[in-house]
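Think of it as A, B, C and D in the order they're written, each chain with its own count starting at 1.
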Amino acid sequence: MRSETAARKLTYAQAIQEALRQAMEADPGVVVIGEGVPDPKAIFGTTAGLREQFGAQRVFDMPLSENGMTGVCIGAALCGIRPVMVHQRIDFALLAMDQLVNNAAKWHYMFNGLKSVPLVVRLIVGRGWGQGPQHSQSLQALFAHIPGLKVIGPATAYDAKGMLIAAIEDNNPVLFIEHRWLHNINDVVPVDSYRTSLDKARIVHAGNIVTIAAFSYMVMEALHVAQAFAKHGIAVEVIDLRSASPLDTDTVLSSVKKTGLLIVADTARASGGITAELITRIVEQGFDHLRKPPTRIALPDHPAPTSHFLANGYYPDAVNIFEEICRIADIKLGADARAQILHDIRRINPHDVPNLAFTGPF
Amino acid sequence: MLRIRRVEEALAEKYAEQQMRCPMHLCIGQEAISVGVCATLTNQDVVFSNHRAHGHYLAKGGDLKRMIAELYGRSTGCCGGRGGSMHLVDLDVNFLGSTPIVGGTVPLAVGAAWAARLKGDDRLSVAFFGDGGVEEGVVHESMNFAALHRLPVLFVCENNNFSVYTPLKERQPNQPIYKMAEAHGLTSWHGDGNDVETVFNIARQATQAIHNQQGPQFIELSTYRWREHCGPNFDNELNYRTAEEITTGMAACPLAKSRKNILAAGTQSMDQLQQLENEIDREIAAAFEFALSSPIPTYTDAVGKVYAQ
Amino acid sequence: MRSETAARKLTYAQAIQEALRQAMEADPGVVVIGEGVPDPKAIFGTTAGLREQFGAQRVFDMPLSENGMTGVCIGAALCGIRPVMVHQRIDFALLAMDQLVNNAAKWHYMFNGLKSVPLVVRLIVGRGWGQGPQHSQSLQALFAHIPGLKVIGPATAYDAKGMLIAAIEDNNPVLFIEHRWLHNINDVVPVDSYRTSLDKARIVHAGNIVTIAAFSYMVMEALHVAQAFAKHGIAVEVIDLRSASPLDTDTVLSSVKKTGLLIVADTARASGGITAELITRIVEQGFDHLRKPPTRIALPDHPAPTSHFLANGYYPDAVNIFEEICRIADIKLGADARAQILHDIRRINPHDVPNLAFTGPF
Amino acid sequence: MLRIRRVEEALAEKYAEQQMRCPMHLCIGQEAISVGVCATLTNQDVVFSNHRAHGHYLAKGGDLKRMIAELYGRSTGCCGGRGGSMHLVDLDVNFLGSTPIVGGTVPLAVGAAWAARLKGDDRLSVAFFGDGGVEEGVVHESMNFAALHRLPVLFVCENNNFSVYTPLKERQPNQPIYKMAEAHGLTSWHGDGNDVETVFNIARQATQAIHNQQGPQFIELSTYRWREHCGPNFDNELNYRTAEEITTGMAACPLAKSRKNILAAGTQSMDQLQQLENEIDREIAAAFEFALSSPIPTYTDAVGKVYAQ
């Protein structure tokens, strides 16, 4: 539910900053830690001003020790602190898999519920401007496979704020995945603190022709397509999954019962991705409602190349979603309508930047 | 010490009955470290430990009954059976947990110390780990962070010269471990881990230093594991250590030494010691009885508590 | 194809030892390294005698430094060595995710094919006798999601030998997953060196009622069921997937075209597992052949508990597979037949050991 | 040094044109380290490097044209465009690779040294990394293994006092990095990384020691990064370092010092130096021309070579 308090537009990055600020104001146990958290760039602005407001004790830089520092945060979380840890790239979190999977995910379970690990790890997914093989991975599937972790990926500034506050207040380890290309997108964001559920998908565009369930940044691409179709009276349903674990199968299933068709869009590799899990569950639970096999819009079977020339075609976008909708829903558009939609959804920026203001280098 | 020894001897004896069906790492021969270190701690001080945890748990004051029950996989076990020998916990005495990933709990102890700093608590935290632990990068990362912020944490390295069957010299260059801690900016100590008085004296100075805001401390204590790495038996037949080494190692029995000292000093008589041992044995028997008469959990008990509310 | 040379029965563990020995004899660049490799227990016997035969230079113990040593092996692999690295538990490999995913998987790609990383990592999956939350994970899905890695899990001694030799000769990083409960199972194994393809599934029991695609140890459970059914004239097709990446969809698809029904069995958590990927591919490519939604036999959504009492019910087994076959294929057995099959497949050992000879502790 | 400097200045100038669309970390100010160390290596010695790799690559003899082409994402780039500035490689000179995960290539260098040992090659391998690198546990694990087996590997730590905008003192306790290497059993050296002669002398002794079977060596060299952490510009306005610090840092210019020495010693005249600079500039211009006139790859070129045959 959207909060009813005063609202104004904020970028996704500003919304994160505000969430951190309000969570820290509400609870002195909340601390923010990560490489560069208090530095002049403030993690793309998301931690700006926090050190000034809350002091060096609670707004922390850290050594380049991802596994160790994750363990430190887990230990602190066991002792009444609520750390928010930040990795400028999700790729770096691979160094911390042991602590995340062996300790954070299992502590509550293996000690029979005696203790919990209220830890949030912000993981930024890189893309574009030469973010290459080691700086642009989308690893949500790795974490979503592990029981005990929550893995969320808000797509809007509204959700970024509400879900980050909810994640910080949650008593479990929550991996908060931020796609770099969402950081500068605006949305209406209430001024006051509010919480958005971590386990509910949301219909962001209602429709009945086909269901598109998308994760993180892919929600934006899907939304463009749905809006462009809408002008022609074609109603595509877009569901923002919001969370990769738990996965809100029910919301998607209800939609599929209506549309009979499902496309799942993700920022990660298709093979072994959360797209496969969602499709499998829909097949398991809604087989008879499916008119055609569900399909995936996701990354191909290779790492990201650095050169923008090479990368031009690597990331699926609104056009791919459009074509897939036409195919699966058997939509025959007139030449004009087709041209109009393609015009509406076609990217105006160079393909390797989120917007024209972005001029590198990181 | 005697209590830990007698508990583990009882465990070893009963293990063959195949009712404790989990990997078990005995610390027989190494008891002085747990006892000497924990004697310098208060109840509110926090302890983290590793796979060889019985001694740490008991010395910190962990509930014996619940430990035995845990090994038997019963509902009354300290983890309700979910953890077994390598996952012990007793929140009443701030024994926050042991887990078997080598090095895995060391940063947690640092994190607990960081939490104490943030909350202004005067509690310190302790990480027990072996000579193998220091080979894990995460332990270096932990030392670096602890030293950087001068956190109230005590690192205790039990150097028994082996990781499973591999001697130290096949895993590390010929350099003292405590020197590494010094290079990380920690104050370091080392000594004979088979002499409980030595351990106690070092630990007392180290914990005192922490309380005096002198930053994190590192203690390396040499010791000897008598039995096999994992399991109840002696393993002399495997020949990864010489008969001579084993004899020397066992000759340095911390209990024998302590008993000799006690008798020499006259603080307790032979009779008193025997009485103590009898009491301990009774306590142990009761603990086994408690465990074996405790409810048996079923799979449904294994399903919940994956996520906290 | 089964090799035609002389054969005798070996256990899976012996087959691995023989594969290592023959690969080392054939290529002086092959080295074996891991915690405990040359110790008296010799990794459950799988490295027995190698140090004696090949010397301390090529048969190596290592410090407890999983990430660093993986990097060391990658560096050596770039310089003409073919390391075989061993982890006594796959859980420990989480410490090495950075090197495996960021370096090993991507080196060939990111350096445009100039170099390759011929590295084999043996990962042993623990189970039973109190192998608890941190010692019994099945993590194939994490690796299978990463392009550039090959992830295999032979189920028989025959394949263990052939696939290990092929993996060592392969120029890519291959994760060789061994389930602890396979180690003592016998199979006919040829004396000479031979290679088994890393990317072909195998029909281990032909049938037409239902397709069961299984990975690693679950092949054994499925096979018992198929054999028990066979006595009653019911032909269940069991496919040994052999590899999680690449995944041999074609073999499964052909079978499903015949049976119309698919059950996928894995040793890992169902959610986000390779079961989901396989089902999704079959749905994508064989939707019209499916008579009912495919289902999964895999682990529930929680870690492994240690207590054998608690674990009694955690691991799905032949009985679960049997029930699922009856359900999905609508098999109505007479009471006698049912009792007979259940008798045939029911475990005689305590549920937490692979066989009666196993008396702990590890 | 001059060549590296001029190349990077050219890169910085052209970066604003937005045709090199990848993150780029310049080593302007730090050139003496690459040059001094690589001058002691032979072609067959192997080098691994990190995100700030241009200097290492060029000093080892890497192809300039293919480096520039790589930054422009062209097919002729040393990775065919797949890698960009942070992934350089030139097998002809055994520059085996640079990658941007901090600390990530350090164990690879150790592995290369292990391979040399196994194969009986008399080649050594070098790992370049920053002061931030030593905070990664994997670097400690690498040092331990190298020291244990006395592998022919040279660790070169370029200490520019920063990891991005975070000064050393907020990341490590006040302990010399090279002492840590000593604690790991490595022979260690340290000195002024802005003086190419110092670097060369230290590196020569260290590589000599490796060839003399004296085991792995560790060099810590202090230096200064002039420009922003990532990108072409100066970043004085960010105020994470004081104006005074920047002035002092830049005053220690390794090129200026070296030029002064050369002129004082009379080994080369002003004219000769100018001529050298002109030649370099021509070479650089040609390299940019090569890059910009090289074929532009398309997505289909990005698809293959995931697995080796």
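Basically, a contact is a pair of C-beta atoms (placed from the backbone, for glycine too) under 8 Å apart; a residue touches a chain by one contact, two chains touch by 3 or more.
Everything numeric here is computed off the predicted structure, so don't read it as measured data.
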Most remote chain, CA-based centroid, reference being subunit A: B
Whole-Å gap separating subunit B and subunit C, where each centre is the average of the chain's CA atoms: 36
Centre distance in Å when subunit C and subunit D are each reduced to the mean of their C-alpha atoms: 42
Where subunit C touches two or more other chains at once, by residue number: 62-63, 65, 67-68, 91, 95, 98, 102, 109-110, 132-134, 147-148, 301-303
Sequence positions of subunit D contacting 2 or more other chains: 79-80, 82-83, 87, 99, 101, 104, 135-141, 144, 148, 170-172, 304, 306
Chain contact graph, described as a line, ring, star, complete graph or other shape: complete
List of subunit D residues in touch with subunit A within their complex: 15, 18, 21-24, 73-74, 77, 79-87, 99-104, 132-133, 135-138, 163-166, 170-172, 230-232, 238-240, 296-304, 306
Touching residues (chain side subunit B, partner subunit A) in the complex: 46, 48, 79-80, 82-83, 87, 89, 91, 96-97, 99, 101, 104-116, 118-119, 125, 137-138, 140-142, 144-145, 148, 304-309
Of subunit A, residues touching subunit D in the complex: 35-36, 39-41, 61-68, 91-92, 95, 129-135, 300-303, 305-314, 352, 359-362
Residue ranges of subunit A touching subunit C (in the complex, touch as defined): 67, 91, 94-95, 97-98, 101-102, 105-106, 109-110, 132-134, 137, 141-142, 144-148, 245, 247, 268-269, 271-277, 279-280, 283-285, 287, 290, 292-296, 301-303
Subunit A residues touching subunit B - in the complex, by the definition given at the top: 29, 31, 57-58, 62-63, 65, 67-81, 98-99, 102-103, 107-116, 118, 147-148, 150, 171-172
